[in-house]
Amino acid sequence: MSIWEYANPKKFVETTTPLLPWTFGLAGLCLVGGLIWGFFFTPDDYRQGATVKIIYLHVPSALMAINAWLMMLVASLIWLVRRHHVSALAARAAAPVGVTMTLVALVTGAIWGQPMWGTWWAWDPRLTSFLILFLFYLGYMALWEAIADPDTAADLTSVLCIVGSVFALLSRYAVNFWNQGLHQGASLSLDAEKNVADIFYYPLLACIAGFVLLFLALVLLRTRTEIRVRRIRALELRARRAEART
Amino acid sequence: MKALILRDLRLAIRAGGGFGLGLAFFLIVIVLVPFGVGPEAAVLRRIAPGILWVAALLAALLSLDRIFALDHEDGSLPLLATAPLPLESVALAKAIAHWITTGLPLTLAAPGLGFLLNLSPAAYPWLFGGLALGTPALSLIGTFGAALTVGLRRGGLLLSLLVLPLYVPILIFGAEAARRGGDGLEATVPLVFLGGIALGTLALMPFAAALVLRINLR
Amino acid sequence: MKALILRDLRLAIRAGGGFGLGLAFFLIVIVLVPFGVGPEAAVLRRIAPGILWVAALLAALLSLDRIFALDHEDGSLPLLATAPLPLESVALAKAIAHWITTGLPLTLAAPGLGFLLNLSPAAYPWLFGGLALGTPALSLIGTFGAALTVGLRRGGLLLSLLVLPLYVPILIFGAEAARRGGDGLEATVPLVFLGGIALGTLALMPFAAALVLRINLR
Amino acid sequence: MGLVVLGLAVARGGIPVLDGLSFSVPTGSALILRGPNGIGKTTLLRTLAGLQPPLAGTVTGADEDAAYASHADGVKAPLSVTENLAFWAEVYGRNLPQDVFAAFDLEALRDRAAGTLSSGQTRRLGLARLGVIGRSVLFLDEPTNSLDAFSVRLFADWLRDRHLAAGGIAVIATHIDLGIDAPILELSPYVAAPDASGGSDEAFL
Amino acid sequence: MGLVVLGLAVARGGIPVLDGLSFSVPTGSALILRGPNGIGKTTLLRTLAGLQPPLAGTVTGADEDAAYASHADGVKAPLSVTENLAFWAEVYGRNLPQDVFAAFDLEALRDRAAGTLSSGQTRRLGLARLGVIGRSVLFLDEPTNSLDAFSVRLFADWLRDRHLAAGGIAVIATHIDLGIDAPILELSPYVAAPDASGGSDEAFL
């Protein structure tokens, strides 16, 4: 019994059916808990005032936006190497979730930027590379949409995802080089001294956990939908073929 | 004519993207410019209206060669020419379909994207108005250009070469309107000119395009 | 491979324009920008390196979809795929032919055109060096993009959507080098990065393009 | 009254290819054009259909009622078979007749994207357009290319029983035997002389 | 030793179309593929030529020596006839044999731009490529489409007297009679069952 057994679509759907409500429940719990905790039970920051609370949406969504692409990268590699359909479909399913996360991070960032930097948007390296990531998501999704044959689409998008990852990384460094930014550096690293105060930190962790779980749940749900769409397509094709022969 | 517009729209959507693609391209150009020019907000604000207009123009341009090329390749064009639909209507229908898939989404999105380039708030209505009047003219002129180059290999670049000079007045008036608007000045005059151009192209271009198509089909 | 490059060059010339077309497009964009942005010399000088780079990028982009599209339409592509030439060489040959018809003339002409935009004299060598290193990478990446979208209707816009984000690092380094050069600063670092990207794409992109072509030909 | 052609001369690429053609096709009948490759069949059909002007001579009885089917099918790959036909029906202001699918053996392919059809199936779809647009004068350029024997018979049946029987006219260029009963016009005698007048370069000679 | 095909199954668009094909073609002989439109001839030829992977089975004797000629000719319109052929000769690392023009009746068209040829002339140019590249295993998909009777004979003669006589192999899908002496493989018995295994949707059923 290997882990690849779950790469069979039927097996995957069966296995995830009982998991799905739990994932959603847990995600909801963490999110609601974390957000309430963060919004109502933490003090205002001495410099930023109440605006600091947007961090509970901004940071988790930004994190997940990047991690979604990583997950797609891994899934694409698995598809190319082992040709498991579930893997390709999971990558496809993750893209819209990832792009939504990117959008949420962009929007919350912009809303936060207005009081903090006095502008909705600045061509800061962090922000800019995020916008580029957004473009990569768009291209990836557009390519999926444009190709009729699902296996060809899976192959081509996988290659695009890999090549895109290289260039996304490259852009990241290029942008850094291009402009020194306004945006915060990493402040969540575990060993850093200038970590955000604990009082902001724990609810933030809860929110991050919530976003991770939410992402997981949404990707599971969407993967199952994609599998069923493929299944319907396959059944229709077969029915049509049978009909054509009679 | 409705049939043709609907078919073209359906083809655009079916072939992936449709409306979204033009928009995405627009977004990309807007993102690229700061990379080239540098991120200073003041400089960007200064050039924002011009860049937005140039981007709209390029988005229109990039999709032009497909207006007739596909119909030429698969042999639909002679069939359409012998259909009861006059070629003038064909050209107009093509222009309308092109505008719906590129010009319209651009017009709707441009004000929203302006803020990436720090466009000054006063410029928004003028930008929007200018694009609403200018993009149909872009599509109409583009249809003429596409008709002129249909069947030519490497039509793409030649087409841009032919069409871009025709686009210049639209660009000048459109960008001028947005720029004046951004400086808090009155900008109805360039808009009126734009409207005139739009009406003029609407009256003339379908006929010119049909004429040229007929010659190309011989 | 030489045969393929020569054929593509001959086709480009035969079909009208060839070298001239890319250049002419470049020229037009350069001319359009002052119309859009306004004629102040200071502003233009400021944005000149960026605009030159963006124009180079767009000129490359506009000719990309023809790299494989024509061979796909007339059925040459499967014939090439079964020829003794490996597909990797086909992709490389296509990229080289594309570079010779667009990137090379641009590189040679860009310094000459810079003065239309008031480019500061110190920037010329850096602009030239940047383009010489960057445009081959543009062609190579573009070939990959073209291979990815070969056979898709409306490939043009989708292709730009896929390729432009990949162009971002090249644009950043290239424009940065020219900008720094124009400000009288040292700019070897971005040029070195550009060279690295060019070498990296040269090593990888033909393989990626061939892989993708093979999938598309199935 | 049918299609009447008088003293027709046609040119391709500015060079006269056929000269002195006169024939008439009465309603309800077809005419087969024969001739080796490159003699000018396609050029002639395009001229008859009004896509290019004749060098000399007249064509009567074709203007409004004519339809042309070329080597290429004009089929849109992303659209389904039904959508393709429905489009042409609408352009010609007609309803899509449901029996056309059976007549061209497209029943099973109705909802398939045209781009996934085999070459023969695509050709059948291209021909089915003729059954949709309801034109009475058809100019057909090698309509049976890449069709199998069964489909050729299907098409010949449609042409004979539906089109011609309803008073239609067809002028068909083909290299194979269609199996319909029609006079054959051999084009070889009408090849334009090398010094035939009317070419676009004439003024310079 | 010729071309040997064992237990081949081929798919198009992720759907198995032909299944259980086994045949062999000895050197110096041809095989004609027959079957109604849409049965899978093109798919089979593409698989044999290595353009798409088979679902099952093996093809031996084709890899390095094979050439494929599709429905489309791969002719470059702006180039002249000679330039078109010279290009392929160079890609295959050979010299352009001068007798190929006579063999395919292209003498008079040598310097014409390929885009100005008639459909049959274009097809002849497409076939002449086969005489240039010197491959010994040919997979031909309806090679005689839009050729007149004379050109068909010309091609059959070339195939018989030049290609096969020199120890070549040809697998030809065609709907018409070529007039060469070759066994015919009727594909109808090999149509894949609707529930045949190996389709790309299989995992989802």
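Should a chain be cited, it is by its letter among A, B, C, D and E, assigned in written order, with residues numbered from 1 in that chain.
One rule holds for everything that comes next: contacts are C-beta pairs under 8 Å (C-beta built on N, C-alpha and C of every residue); 3 or more make two chains touch, one makes a residue touch a chain.
Just so you know, these numbers come straight off a predicted model, no measurement behind them.
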item: If a chain touches chain D and chain E alike, it appears here; value: A
item: Neighbouring chains shared between chain A and chain C, ordered by label; value: B, E
item: B-D against A-D, pair bridged by the larger set of C-beta contacts; value: B-D
item: Reference chain A; chain at largest CA-centroid distance; value: D
item: Gap in Å, rounded to a whole number, between the CA centres of chain C and chain B; value: 23
item: Chain A-chain E separation of Cα centroids, rounded to whole Å; value: 48
item: Gap in Å, rounded to a whole number, between the CA centres of chain B and chain A; value: 34
item: Interchain centroid distance [CA atoms averaged], chain B/chain E, Å; value: 44
item: Residues of chain A engaged with two or more neighbouring chains; value: 132, 135, 138-139, 142-143, 146-147, 178
item: In chain C, residues with contacts to at least two other chains; value: 11, 15, 152-154, 158, 161, 164-165, 168, 172, 218
item: Of all residues in chain D, the ones touching two or more other chains; value: 71, 77-78, 116
item: Pairwise chain contacts under the document criterion; value: A-B, A-C, A-D, A-E, B-C, B-D, C-E, D-E
item: Contact set on chain D toward chain E in their complex; value: 13, 35-38, 42, 71, 116-121, 123-124, 142, 145-151, 175-176
item: Complex contact set, residues of chain A against chain C; value: 132, 135-136, 138-139, 142-143, 146-147, 152, 155-156, 159-160, 163-164, 167-168, 170-171, 173-175, 177-178
item: Chain A partner contacts - residues on chain B that touch it in the complex; value: 15-17, 20-21, 24, 27-28, 31, 34-35, 38-39, 41, 44, 115-116, 118
item: Chain C to chain E touching residues, read off their complex; value: 2-4, 7, 10-11, 14-15, 71, 74-85, 217-218
item: Residues of chain B defined as touching chain C within the complex; value: 11-12, 15-17, 21-22, 24-25, 28-29, 31-33, 35-38, 43, 46-47, 49-51, 53-54, 57-59, 61-63, 65-66, 70, 73, 152-154, 156-158, 160-161, 164-165, 167-168, 171-172, 175, 179
